[in-house]
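See the structures that follow.
Here come two complexes built around chain A, the first alongside chain B, the second alongside chain C.
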Partner chain A sequence: MPFDPRFIARLIPALLEGAEVTVELSLLTMAICLVGGLPVALARSVRGPLAWLAGGYIQLVRNTPLLIQMYLVYFGLSMAGIPLSGFASGLLALCLQNCGYVAEIYRGGLQSVSLRQFEAGKALGMRRWTLYTTVILPQVVARVIPPLTNQAISIIKDTAQVAAIAVMDVMKVAQIWVESSANTYDVFLGVAIIYLCLTSLASLAGKLFERRLAFAQ
Partner chain B sequence: MHKALLSLTVLLLAAWPGAAAQAQESQLDVVLKRDKLIVATYSTSPPLAYIDEAGKLVGFEIDMAREIAKDLLGDPNKVEFVVVQSDGRFPAALSGKVDFGLCSTTITGDRAVRIAFTRPYLDTGGSVIARKDSGIKTVKELNDAKFTYAILNVPPAIARAKAVLPNVKQLLLDSPSALFLAVKTGRATAFSIDKPIADFYEAENQDLVRLDTADTPFAYVFQDAIFLKPGDFKWWLFLDTWVGELRSGSRYEKYEEMYRKWMKKDPPPQRFYDYNKF
Partner chain C sequence: MNTFAPLIKGYWYLLRGAGMTLLMAGAAVVPATICGILLALLQIFGTRALRSAVVAYLFVMRGIPLLVLLTFTYYLLPLTGIDLPAFWGVVMVLSLYYAAFMSEVFRAGILSLPQAQWDAARSLGMRRRLMLQIVIFPQALRLASPPFVNLCVNLIKATSLVSIVGLWELTMASREIVERTLAPFQIFLGAAGLYFCMCYALALYGRHLERRVLHGH
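This part shows the complex of A and B:
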C-alpha cells in the first residue's frame, strides 16, 4: 500500500541519516575536484609528455564506468594489501573520475578566452600575473560556473553508487528499508525527493555564483 | 516552476500502482490466456538461480518455475525469466510485470504486510563461511573487533549480526556474489548467506571454511517462499497448493529429485513419521 503515512514517518529520519553521508561525500568530492582539476587542466594545455599523461588519465576515467572504478579501488586495493574503507574508496573513485571532468571544464573555459586578449594584455605591458588575475581568470571563472554546477549535480547523483561498496549513504539506507518492508515505492520516492532537494540546492548555489560573477562577461 | 511541479505530480500519480482501476481478472487466467509464465528470478545465487558456465540461467528455482509452467501450460519451456536485483523484486511483482517472484525470498512479517507469500518451498537459514587462513572455527570466535563480517543488506541478517556478533565490523553488500568477492579479496574475514548458497560456495572453494553455528540463532530456520501481488486469491491459491504438493504431497518425488540435483543432498523428509508404520 503506497503512501502509508505511518511508514513514511518512520522512514524519513532514517533516510536523513543516510543523506548526511551523501552530503559529506558530495561536498568532499566537489572540493577536491575543484582543486585537483586545475593541475590536470594545466598539464593538458601545455605541450609534451605531461599533456599526453593528463589526456590519457582523462580518457581512462571518463570512459570507464564509475561502478567498476569503485569496485577496483574497494576490492582491488584490498587484494593489494591496502584495504581502504568503503567511504574512502568511494571518495577516491568519485574524485578520480570527476577530476577528469572538471579538468576538461577548466580547459574549455581557458580556451574560450580569445587569444587576442592575451596579446592585447601583453601589448599594454601587463605582467603575466596581472593579465591572468584581472583579465583572463575572471572570465574563465564566470564561464565555468554553469558546467561546474552541472558537474556538481552529477556528483551528487553519482554518490548513490557507493551503496554497492557498503557505504551507508541514503541509497544504502533505502535498500535496507526496501528489503525489510517490500515497500519499494514509498522508499524510493523518498530517496528521489532527497536527491532532488540536494541537486536543487546545488543548482541554486550555481545560479547565485553566476549572478555575482555576471560582471565579468 | 509551478507548472513543472504540477505535471510531475500528475505523472507520479498516474504511474502509481492502484491509482488506475484494476480489472478483476485473476493472474491465473491472464497466464493461461497468454500461454506463457513470466517469473522474476535472481542470477547470482547459486545453486538456486545462477548463470552456469554455458551462460544459461539454471538452478533449483529455475527448475521449479519450469515445473509450474509444465503444470499450468503443459510445457516447461513456456516461461520467461526476468532477472531482477533484490531491490527490484517486489516492485516487479506488485506492478504486474511478472506473474510472481521466485528469488530466494525469506518470509518476514514486515514484508507480508505488502506482499503475498505462498507457503515455503525451502528451509534456509544463515550459514557463515570464513577464510581458512583466518584460523577461526566457530561463529562465536568471529565476534572480535579485528574481524570484518560481510552480510547482505537484509533485515534478518543485520539483526542477527547485531545480536550475535556485536563486536565484529559489519560490511553490508547487496548481492551474494559481492559478499563472496569481499571474502575472496580479503575485504572481509567471513560472510553470511543462505545455507544452500553457502553449501555451493564451500564446495567450490578450498580456501573457505564453514563456521560452526551451534548454540547461536544461526542454527534457526528461515523459510523461502514464492511472492506475488496480494489480493488475487485464485492465483495465490493455485501457487500455494502447488508448493504444498511439491514440498509434502503428491509431487514430493519431484522435490526430492530437484533437491538432490541442486543441493547435492536429500531434502527434509516428506513427513516426520514413517507413513507405512503409522
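This part shows the complex of A and C:
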C-alpha cells in the first residue's frame, strides 16, 4: 500500500538518520577539498616535476570512476593491512576525487584574471602580497564560487555511492527499507525529497555567496 | 611477479567488461544527446509552460543522484508492468539523466553566440528554422563540443554504478574476479587502469577540441 501514513511515520526518522551521515560526509568532503585543492592547484601552476606530479594526480582521479576508487580504498587497503571503516574509506575516496576537480577550478579561476590586472598592480608599485590580497584573489574568489557550487552539488550526489561499501547513508537506509517493506514509492519519494532539499540548499548558499561577492566582478 | 598473477589471469574477462561499458555508454549517449538538444531548444524557444516544465525536469535530474534513479528504476520498473530488459532500462535512465546535463551544454553553446549572428540572419530574411539550421547550430555545436566530450567522460564513469543494480560491465566483472581470487587491490587497479585508458583518451580529444575552439577554426 503506497502512502500509508503509519509506514511513513516510521520511515521518516530512519531516512533522516541516514541523511545525517550524508550531510556529514558531504560537509567533510567539501571542507577538506576546499583546503586540499589549493596546494594541488599551486603545484600545478609552477614549472617543474611538481606540476607534472600534480597534473598526473588530477588526470588519474578525474578519469577513473569514484566507485572503483572506493573499492580500491575499502577492499584494497584492508588487504594491504590498513583496514579503514566504510565511512573513512568513502570519505578518503570522495576527497581524493574531488580535490582534483577543485584544484582545476582554482586554477581556472586564477587563469581567468587578466594579465593586465597584474601589470596594473605592479605599475602602481604594489608589493606582491598586497597585489594578490587586494586585487587578484578577490576576483578569483568571486569567479570560482559558481563552479564550486556545482562541485558541492555533485559531491552531495556522489556521497550516495558510499552505500556500496556498507555505510548507512540515506541511500543505504532506503535500499534496506525497500527490500524489507516493498513499499518502493514512499521510500523513493522520501529519498528524492531529501536529496533535492540538500542540493537546493547547496545551490542557494552558492547564490548567496555570489551576491555577497558581486562587487569583485 | 606473483602479486599480479590474478590480474594477468583475469585480464581477458576485464577487457570484455570494458567492452560492455563502452557499449552501454555508447547506447546511452545517442538518446541523451538528442533529448539534450530538444530540451535546450524547448528551454530557449518554448512557451512559458514548456519552459517551466523543462526547468522542473532539470531541477529534479540535477538534484537526485544517479544511483538513486538507477536503484529505484530497478525496483519500480517491474511494478509498472513495463517489460524492459535490464540493459535497456539502465540505458534509459542513463540517457534521461545525462540529457539534463547535455541540455545545459547545448543551451550555453546557443546562448553564447553573439546577438549579431541572430540579427544578421534575421536581416537576411531567414525564417527561424533556416536560421537555426545554417547559422546558429553549426557555430553552437562547435562551441558546445568540448564540454560535450567531458560529459561523455562522465557518462563512461557513471556506467560503473549499474554494477550496484546487478548489471554486468567492467566494475561488475572486476568484483566477480575479486570474489574468486581475493586480490582486490590488483584487480581494481587493473579496472581503474582500463577506465583511465577509455576516459583519458576521450578527455585528450576534448582538450584538442577546446584548443581548436579557442584559437579560431
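We take it that the second predicted complex is superposed on the first by the 217 of 217 C-alpha atoms of A that agree within 3 Å, B and C clash if a C-alpha of one lies under 4 Å from a C-alpha of the other, contacts with A are read in each partner's own complex, and residues count from 1 in each chain.
By definition in this document, a residue touches a chain if its C-beta (ideal position, glycine included) is under 8 Å from a C-beta of that chain, and two chains touch if they have at least 3 such contacts.
Since the structure is predicted, the reported quantities are computational estimates derived from the model, not experimental observations.
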Side-by-side fit of chain B and chain C on chain A, or clash: clash
Chain B versus chain C as contact partner of A:Ser181, first or second or both or neither: first
First (chain B), second (chain C), both or neither touched by A:Pro83: first
Partner chain(s) touched by A:Phe75 [first = chain B, second = chain C, both, neither]: both
Touched partner set for A:Ala164, first chain B, second chain C, both or neither: both
Chain A residues touched by each partner, larger count belonging to chain B or chain C: C
Contacts of A:Tyr195 with chain B and chain C, given as first, second, both or neither: second
Touched partner set for A:Lys172, first chain B, second chain C, both or neither: first
Offending stretch of chain C which, after superposing on A, collides with chain B (from 22-30, 58-66 or 76-84): 76-84
Common interface residues of chain A - those touching chain B in one complex and chain C in the other: 75-76, 79, 163-164, 174-175, 178, 184-185
Chain C residues touching chain A - in the complex, by the definition given at the top: 59-60, 62-68, 71-72, 75-76, 79, 153, 157-158, 160-161, 163-164, 171, 174-175, 178, 182-185, 188-189, 191-192, 195-196, 199-200, 203
Residues of chain A defined as touching chain B within the complex: 1-3, 74-76, 78-79, 83, 86, 163-166, 168, 172, 174-176, 178-185, 189
In the complex, chain A residues that touch chain C: 59-60, 62-69, 71-72, 75-77, 79-80, 153, 156-161, 163-164, 171, 174-175, 178, 184-185, 188, 191-192, 195-196, 199-200
Touch list for chain B against partner chain A, complex: 12, 16-18, 86-88, 90-91, 94, 108, 110-111, 113-115, 150, 152-155, 158, 171-174, 178, 181-182, 185-187, 227
